[in-house]
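Next up: some structures, all given as structure tokens.
Here chain A shows up in two complexes: once beside chain B, once beside chain C.
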Partner chain A sequence: MAGPIASETVLLKACDCLTPFGGSVETLTALLSGERALQTQPVLGREGGDLVPLALLPGRALDETAPPSWLAQVRALLAPVNEAGWGTARRPVFVTSSNFGAGSLYAYRRSGDAAHMGYGALVNCVGWLRQQLGWQENVTIFSHACVSAHLGLLQASRVLQAGLADEALVFSFDFLSPFVSGGFNALKILNADFPAPYQARATGSIGLGDGAGYAVLSRTSGDFAIVAQSMYNEMHHFTANQPNGAGFEACLAPLASQAAGRRLWLKGHGTGTLDAGRMESGAFAKVFAGAPLVGWKGSLGHTLGSCGLVELALALAAIRHGRTPGTIGSAAPTFTAEVAIDAFANDRYDGVVCASNAFGGAHAALLLSHA
Partner chain B sequence: MTDPLITRLKHLIVDTLHLDGVTPDDIDENAPLIGSGLALDSIDALELVVKIEKEFGIKIGSSEESRQALASVASLADFIRVRAKK
Partner chain C sequence: MLERFIQAIFTDDAGAESQAETRERLKGSFAPGATRRMTQLGLVVGAALNKLEPTADDTLVYASTFAESRSLESYLDSFPAASPTLFQTSIHPSGAQQALIGRQRSLGEVFSHSGVDQMPAQSLLTAMLAPAGRVLLCGGEEHGDWLVNYYSAQDRTFGYALALTREPGPAPLGRLALLPTEQPGALKQSQWFDLLHQRRALDGPIALGWRLQLSWS
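The block that comes next holds the complex of A and B.
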């Protein structure tokens, strides 16, 4: 059964992201130049291990510190929108992440330093962040693996559409730790190779990246709109998708009717794994035949639960700039002809579908367009 | 004559994955390990890979290599022999 769709348009008043390149404008510039943020480094930080592709914020080590080393950069990211009043009844905050302070829990177990515990659990971490950023109590936390940010956007949209709020701040953050990179390395999908999203090659690989992003959603103000959203869960398997790719299609299909008449480009999830990449690109080609498909995790790595917001901010920046970065790190042959390796002008398009997928068979997608 | 590596791997699988009611002799060395009669899934595969890397001092480089190695007990034994020589 297809997931819920936000039936009314929600306006995007502000949106930005944080990657190793900087904000959305700096990141877009780097992507358009074909730069790769991923660099091979030890998967377990100071404890060594295999060399794997990771993209960390400048000056940030993989190992945890107390307080977390990313706070200053998060504060700077949110500064343009972090005026008083967030977290009140009419201006709720939705915080999403797939990790929160999981790395701090790991650090505590390794070091015994109790200072890590203040950030080591979901509620503690967000409570601390709320105090640091001056938000009031109306803060809701969501975590749903790598569609976490999409879930936050959808729930915030519902609150706005129900008239329960005037504006909503959706904020997502995922900063890497040895706990996270070590887990993906154990699964063998984070290995020595750089990711090549949607490329038909012998072995798959992903990269992981630090990332955070925010969106201010509004009922009345904004030049861009999230026209429709879809979420779907296959209920098939924890780490595998239905082999026929039906889950990807089921999530995208409801957006097709909302997008009717629009010329679209597509920003896929595209981590670099083979099975999911083949199924995802196949579903896109079926539902949105002929629309160019790009993925940016070949440069930025997978920013996990925050990828939905990070890549939404980049898609928005790409529309404003008039050029869409290509699928960095990939080369022909690709799974479908629609995969765009190179950057292209997007001024003849009037919408973009942004999709993310997650462990547990979860899929999410949204349609972004001018208001 | 029974291949001692095959026997060792069957014991390792039963012990590592705590397969209740399954003995090493129950495992067909040529049958698919994942998604067959043993009802192993990808999490079991992960546990096996970690155990095999540690036990035999070898490295499995990617998920595709892991899938190939874990096709059956016999293929796993072949994989270990080849890697152990390197």
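The block that comes next holds the complex of A and C.
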């Protein structure tokens, strides 16, 4: 069964991201050069533990500080668009994340330093961030694991399409801490190997990365458009998909009709796990046969709830630059022939499908194209 | 007009009930053995949601200010040997998912809200803008322990689930409408729950820019 689709176009007035390489332009340059931000580090930060692949912002430690160490970089990221007026009735903000202030909660519980609690729980973290960034109270918060950013984009689109806002800011952030790296390590999907998305190999692995991104959505201004958005929730298992991969296809299929006549490339979720990678690449090959598929988490790691927005900004930068980074970290054999290991020129394509997946078999995807 | 009709509503004011008491009271609402790993919030929200018989065509809007507080507390205390089970239920709001996974009920759109003073209005707006013919709006909180001291968990447990439609149908239980307003307003999750649980009407500002009309048949 296919999921529903939101097919009213919204324009991207501005969009950028933050990764260990810098903004979207710097990150694109690094990805096109095949650079990998992931480095093996102790999973519990200063408390040690297994070595696992993590990609942290330069100079940032896994253990959180008070106030959180990432604030300055978030301010710099948002500076080009953070003029006064966000969070008012006609200029809503949509904040999405998977982690929010989990690193501060962990720091408090391990150290006993109550200073961390001002940024710790989800609502405290966003409340503090709102004050720091000068936003008014019209801030909607979504948290749905690794498709969180897509929820913000979809609801912001609907608010605009309903004429309830002039512009909308969607902001997503996820910064690593032992809270999350320790959790994924406990699930045994982190190990010392670097991720190789969509590669057919004996053992899968993922990496985790710091990341943030934003998009300013508008009905009237912007040279790129989110043409359609789709979502599907399997509700099969917390950490596994339906074995037949039907959930991936159910999310992607509704976009196919919207994409008819376009030459597409595909930016998949591609964390590096084997089962999900096989099912995802298989669904892409079935729904968009022949379209090249790339994934960038082999370099950046999985930026969790923010990956949808981080990788949207990178897809946009790739289109503007004319070259799409390949699937860094992977090599043949791949699950499908469509997996593009190497970078390629994208000027003969006129759209990209960007997809993300999450705990609980949640799937989200969007179609990005020139306006 | 942003208007929806309440076709069904289930609420559960568990108050200070312990997790074990809630599990025992509600175990009949779930498949045998399914409650073993469910959180208290998952139990109260899930029991209410299950009564609405979710279908694949429904959109689900889930709202919780603090989500799985107990799991979060226990997960933090599981370090340095982090618990994989508690990680899954503490890294994101999962109350509604717990019930739906238990029943293998896939859905198209699921929106998971958090927030404080604006959240009930925002979750209503999400429900009213969703194109689905029926939207299930559910939510709740669970009683926390040490997180309560930092305004990071609720001091009571409750859950609710409503089925909303665009058309009134033959016998709507109530009506919800969002109207623009210049008056300042705020409505916390616990206040919203009390309105629903006690079937009280409201006509007033509940968030920046929004006034709620809630009436009961």
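FYI, the second predicted complex is superposed on the first by the 367 of 371 C-alpha atoms of A that agree within 3 Å, B and C clash if a C-alpha of one lies under 4 Å from a C-alpha of the other, contacts with A are read in each partner's own complex, and residues count from 1 in each chain.
The definition used in the following text is that a contact is a pair of C-beta atoms (placed from the backbone, for glycine too) under 8 Å apart; a residue touches a chain by one contact, two chains touch by 3 or more.
Because the structure is predicted, anything quoted here is derived from the model rather than measured.
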item	value
Partner chain in contact with A:186 - chain B first, chain C second, else both or neither	both
Contacts of A:121 with chain B and chain C, given as first, second, both or neither	second
Which of chain B and chain C A:140 touches, first, second, both or neither	second
First (chain B), second (chain C), both or neither touched by A:219	neither
Winner by number of chain A residues touched, once chain B and chain C are compared	C
Partner chain in contact with A:205 - chain B first, chain C second, else both or neither	first
Touched partner set for A:239, first chain B, second chain C, both or neither	both
Which of chain B and chain C A:363 touches, first, second, both or neither	neither
Touching partner for A:130 - first (chain B), second (chain C), both, neither	neither
Touching both chain C and chain B, counted on chain A across the two superposed complexes	186-188, 237-239
Residue ranges of chain A in contact with chain C within the complex	1, 3-4, 6, 44, 47, 49, 88-89, 98-99, 102, 105-106, 109-110, 114, 117, 120-124, 126-127, 136-145, 148, 151, 154-155, 158-159, 162, 164, 178-180, 182-188, 231-239, 247, 250, 305, 359-362
Sites on chain B touched by chain A in the complex	41-43, 46, 49-50, 60-66
Sites on chain C touched by chain A in the complex	56, 59-60, 65-67, 72, 75-77, 79-84, 87-88, 91-94, 97, 100-101, 103-119, 122, 125-126, 129-132, 147, 150-153, 180, 207-209
Chain A residues touching chain B - in the complex, by the definition given at the top	186-189, 191-193, 202-205, 237-240, 273-274
